[in-house]
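Chain nomenclature is as follows: A, B, C and D, assigned in order of appearance, with residue numbering initiated at 1 for each chain independently.
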Amino acid sequence: MIAFWVLAPVMVVAAVAMVMARKAVHCALLLAVIMISLAVLYAVQNAPFLFAVQIIVYTGAVLMLFLFVLMLVGVDSSDSLVETLRGQRVAAVVLGLLFGLLVVVALSQATLGTVVGLSAASEQADGNVKGIAALLFSTYVFAFEVTSALLITAALGAMVLAHRERLTPKPTQREMVAQRMRDYATSGVHPGALPNPGSFARHNSVDTPALLPDGTPSELSISRVMRARGTVRDVSRDRLTERGIETETRQIEEGER
Amino acid sequence: MSATPFLILSALLFGVGAVGVLVRRNAIVVFMCVELMLNAANLAFVTFSRQHGNFDGQIAAFFVMVVAAAEVVVGLAIIMTIFRTRRSASVDDASLLKY
Amino acid sequence: MTAHTSTLASRLAAEAFNKPDIDYGKLSPLLIVFGVALVGVLVEAFAPRDRRYVIQTAVSIVGLAAALAAVVVVGLNVQSNHGGASLGSVEAMGAIAVDGPSLFIWGTVLIFSLMSVLLFAERQLEGGITAFAGQAAALPGTEAEREASSRGIEHTEVFPLMLFAIGGMMLFASANDLLTMFVALEVLSLPLYLLCGLARRRRLISQEAALKYFLLGAFSSAFFLYGIALVYGYAGSFRLGDIDTAVSSTVGGNGLLLAGMALMAVGLLFKVSAAPFHAWTPDVYQGAPTAVTAFMAACTKVAAFGALLRVFYVALGGVRWDWQPMMWVIAALTMAIGSIVAITQTDIKRMLAYSSVAHAGFLITGFVGAQQGIEVAGQQISSLQAVMFYLVAYGFTTIGAFAVVTVVRDAGGETTHLSRWAGLGKEAPVVAGVFAFFLLAFAGIPLTSGFTGKWAVFTSAWAGGAWPLVVVAVLMSVVAAFFYVRVIVVMFFSDPVGDGPTVAVPSILTTITITVGAAMTLLLGVVPQPVFDLARAAGEFIR
Amino acid sequence: MTGSETAVPWLTILALLPVVGAVVVLLVPKGSALPKLVALGFSVVALVVTVAMAVQFDADGGFQFVEQYNWIESFGAHYAVGLDGLGLVLVLLTAILTPVVILASWHDADGGRWSANSFFGWILALEALSIGVFAATDVFLFYVLFEATLIPIYFLIGGFGGPQRSYAAVKFLLYSLFGGLLMLASVVGLYVVSAGNEGGSSYLLEDLMATDIGTSTGRWLFLGFFIAFAVKAPMWPVHTWLPDAASEATSGTSVLLVSVLDKIGTFGMMRFCLNIFPEASRWATPVVITLAVISVIYGALLAIGQQDMRRLIAYTSVSHFGFIVLGIFAMTSQGQSGAALYMFNHGLSTAALFLVTGFLISRRGSKMIDDYGGVEKVAPVLAGTFLLAGLSSLSLPGLSPFVSEFLVLAGTFTVSIPAAVIATLGTVLAALYILYMYQRTMTGPVRPSTAKLPDLRAREVVALAPLLLLIVVLGFFPKPALDALNPTVDRLLQQVGMEDPQPTVASEEGGS
């Protein structure tokens, strides 16, 4: 009872915040709040088995999978993938509010009668878990068995979409070296390692290009991906002018004296 | 306790989830909103189960969880594929990245 | 409602746990399909790569044929109830209704699946490999993808996935409780989501199709689920029969029931791609590999209509007056949107997708008539028979039409842009002629199955008092005819652009599919009576 | 209404003959004269069979050559065929015109995008379907064949002819489909209405005639049928597809379209609208008569203004169909006998007119009247046949259309004097448009461009001769045709429940 009135506002606020949150990770965390609160509500409503399953399966597995994928695709990802219609946003909100209102009214108008409660059923079945099991393995046994098809499909699907078979044997160190030398012989490609990113006083992360002796940034010192994404740090402003260097050198020298 | 407050809460969550699906554009967030809707349905199932005094509703909630787990796997696999494709669309060969 | 709980409580008391009583013989078609799917998974795990294609194709075809044979055997042995009003019995502890309509739909789905398997297995069009991605995990346009392609690697997992989908469809149409129906819905949907994203060519739009289908599909199944929850709240049970009892024992409408009904309708109408829940159809049909599109268009529609009719006739038949107006509007809207938007399409697959939306509208027109078998006299057809016949007729034509789409190609794969079909009639008169024939069937020209089907659903609607809807349907048929005719004009009376389309010579597999599709389209147009007899023999849904 | 069963399935044979012919034509090698010869051969055999059958026809015997089998039991549909006088006359018309058209269109399909095989194949298919339509005594069968005729004619218009043919074909098809699908709604309605009958729904004409259809339902269903037939006929204001189609198609196609296919519209009105919906037919009479009179005048006026000869003839047909509909809905025995006969005569005269202008156009390569002049001096035979065909079209006494037009007007006069008077005005206008066209093309000084026009060839003369011969013979001696038609018309009027205001013997006036 108290649990409900405490949790219900939290859940609604979390749900609204989830829809509004800009970062996907925040959404996932808010969803976790809702799910755990739900688990408590299940416990309140004589469903201890579901309480456990909700925590273990939903919060523990499903939500973690979400977070896992979020980490994979990039935490701050906000790619727009679903092509939505223009002006749909407002319509969606209005429709959603209307719908919510309708269901709420329908529910509050509905003559539900008295709550029977599960104590009788639990008693007869010798406990909640046993009651569920009896039903699951008799009345709903076929549906239960068919869910195995779902799980196999899921496994198969994940494998098809994510598993990449190696078609060529992985080149050994020796082969790679030989290939590199051949490249050098035929096209003059530098056989050694590519230059490291720049290590400077202010930056030494991978997005900072190293500077060549003439002061221009080295293209090779930065991953192509970052260049393509345009996330390479611009070092031209960090670079001091020649005169600046002279002044600085002098100051240092003078300082040393 | 009467079932009505639980049901209204469930309807609210469901509605918020539905709006979220329509409003958000990030596929993962959209999918999370769908999960919210499924959870709302589960709350209704459990509440009605108590209302009617039989376990069928709880069984339903259990099935929904199983189904949702499978759905999440498939859905996230599809979303992952798309994300990878899109990301690499600007870089034509992932295997030629810096070694 | 309280009466229910007491019976349930006593049941629980009497049988703390009773061993489930399942007649495996009667469920054999379902079990065979799922079993064969599992065999397919094992083949993936253990068979060497270069043999998988042959094994998978053979296993799928043999398995589906065996399931079809099982349907026939079960069908010959069903008992009749209530003086022949319905056939069959409720099996698997009340979860599955093995009745006449179920068997009819099982048979239909299996036949269409057999035709689709042949399309799935087609290898000649892509030069020795199937139309599915060689390595779905390899990024499009990369060296890895090209390598997979050049080595002739192909995803034979599509066969078990397809079999799971077929099993789900069969279960969906025969589920006797809402929970089983929901599980079946997911079992049929998940493999389809995956299959959509596995095109070998144009992988980006294929993946996008998969994502769209998945997100919207999950969205709609959430609605379906919430609807189930509300109906459960109303009736206290998931059994369709119990819901019917609850509906007929209470006087007056109930908010819970109406809201639940509406939400369930959303989920089901999404699957049959009825407006306004059709938004996914064009994108998905266009993006998915054409073989998958053919499979989805025919089989999903059959299964989804089976489930729709079962839910609304069996469980909600008592509140027919509440849902009929809603369905009137949906039917009219679906026909209108499907037909009118199709006019502006320039892509064949997209156009066929909108046409499938329009046909969903015609099917719903037949469905709203809601003429039960006992209400019609003599040789007249009931709504169920009309809809089932239409599904059979539409399925053959659709698979045939999509199969034709797979053989019209250029260097970049299938050419689906309408302008590229110009002059096809000169280039390949037979292929163009067959496609024109399919289009005429879609348009409902007599002597094709499309006409008899339309006639049947229109009669059913009119007999049920929905004659204004029939008039709307007729007007929309004219609009629809316009865009079908436009394609015929392009094919036969326009000059080819550039090199014009070429028609690849398919292997015997696709040829069989096209031939069967065309032959059945003609046969059902000229001698439809055997199928009507079969539908009549199937009787009504069991309660 | 019941007829006698027949030992020989004449009608099935008759309908199958051209189908077999069409298949054979498609199979024979392309590029030779062989497909044409085969097509001609089959159509002549069909004509012979038709004549052999017609000889056995007993004018007072009701429906004859009846065959009836269950087809689709769930729909109450039957394969039921049989001929009464009206059907026989129209089957005969189809059988006569097909070989004529094949002969006249000998070279029309050469050098096009599509082979001559398909052209003649479609023509034979069309013949088969048309015979089926005129013979069907089951509404469902009729509807199926009625719609199926669209396919061959669509490909005939769209595949062969002028530059705008594709547009014309689509326009034609959409108009027809619109009408046809409205009719489908009515056909479906009939099924539902007849469901209450003993033995369930049936589409047999005789069963439907015995069915009691409620007044308002009957009127709605009647509308569905009537609009479809009006589009087909074609009547004002749904006639606009005809000029386009006739102008773009080859003259052979135009003949089949106007002389045979459009008759299905008026035939359907008599056979189905009046028989099944007698009450609704009476109810609609004033409106229909008004529309018919408008068609008569409108068609004639527009014909006068045409530059394109084919369009001109198309508009004359609109006018003539106005007469036919007027005769049908006058609901007098004279009017209906006249209308029925008019269908046959109009078929002959319009066919002759289309073919002659077709020959002319193929010589000069232009459809425009202004491009011609003084043709009678360089090609007298052509000009002569043109004149004869034209005169028959304007219903000159002594030529067959006169008899029918006179009967229609006489029949109308007894019911509605204003309608008869206005329609008579149409005959005056007819003289105007025909003679005006003749004057501009055939008389006057010879134009340089027409100076070298060759006269009709032997093949063309052979094609035209039977038509002109029939026009003249039936002009003086229409009795056999009227004898065949009168009993049919009498039964029809009985079914509609109308009686002639003043009993007259139609066949006597015909001879005058």
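FYI, contacts are C-beta pairs under 8 Å (C-beta built on N, C-alpha and C of every residue); 3 or more make two chains touch, one makes a residue touch a chain.
All of these numbers come straight from a predicted model, not from anything done at the bench.
Excluding chain C while holding all other chains in their positions yields the touching groups A, B | D. With centres defined by CA atoms alone, the chain at the far end from chain C is D.
With centres taken as mean CA coordinates, the chain nearest to the overall protein centre is C.
Chain geometry summary: the mean Cα position of chain B and that of chain D are 66 Å apart.
Between chain B and chain C the centroid-to-centroid distance comes to 25 Å (mean Cα coordinates, whole Å). Chain geometry summary: the mean Cα position of chain C and that of chain D are 45 Å apart.
With centres set at the average Cα position, the gap from chain A to chain C is 35 Å. Among all residues of chain B, those that touch two or more other chains are 7, 14, 17-18, 27, 30-31, 47, 51-54, 56, 59, 63, 67, 70-71, 74, 77-79, 81-82, 96.
Multi-chain contact residues of chain C (touching two or more other chains) are listed as 1, 5, 8-9, 136-137, 144, 179, 183, 186, 190, 193-194, 197, 208, 211, 215, 233. Among the residues of chain A, those touching two or more other chains are numbered 81-82, 103, 107, 112-113, 116, 120-121, 125, 131, 140, 143, 147, 150, 153-154, 157, 161-162.
The touch graph of these protein chains has some other shape, matching none of line, ring, star or complete. Listed in rising order, the residues of chain B touching chain A in the complex are 1-9, 11-20, 22-33, 35-36, 39, 42-43, 46-47, 49-56, 58-59, 61-63, 65-74, 76-83, 86-87, 90-91, 96-98. On chain C, the positions that touch chain D within their shared complex are 376-381, 385, 426, 440, 443-447, 451-452, 454-456, 458-459, 462-463, 467, 470-471, 474-475, 477-478, 481-482, 485-486, 489, 492-494, 527-529, 532-533, 536. Residues 1, 4-5, 8-9, 136-137, 139-144, 179, 182-183, 186, 190, 193-194, 197, 203-204, 207-208, 210-211, 214-215, 218-219, 222-223, 225-226, 228-230, 232-233, 236-238 of chain C touch chain B in their complex. Across the complex, chain C is touched by residues 71-76, 113, 143-148, 150-151, 155, 158-159, 165-166, 169-170, 173-174, 177-178, 181-182, 184-185, 187-189, 191-192, 195-196, 199-201 of chain D. Remark: chain A residues 81-82, 102-103, 105-107, 109-113, 116, 120-121, 124-126, 131, 133-134, 137-143, 146-147, 149-150, 152-154, 156-157, 159-165, 167-168 touch chain C in the complex.
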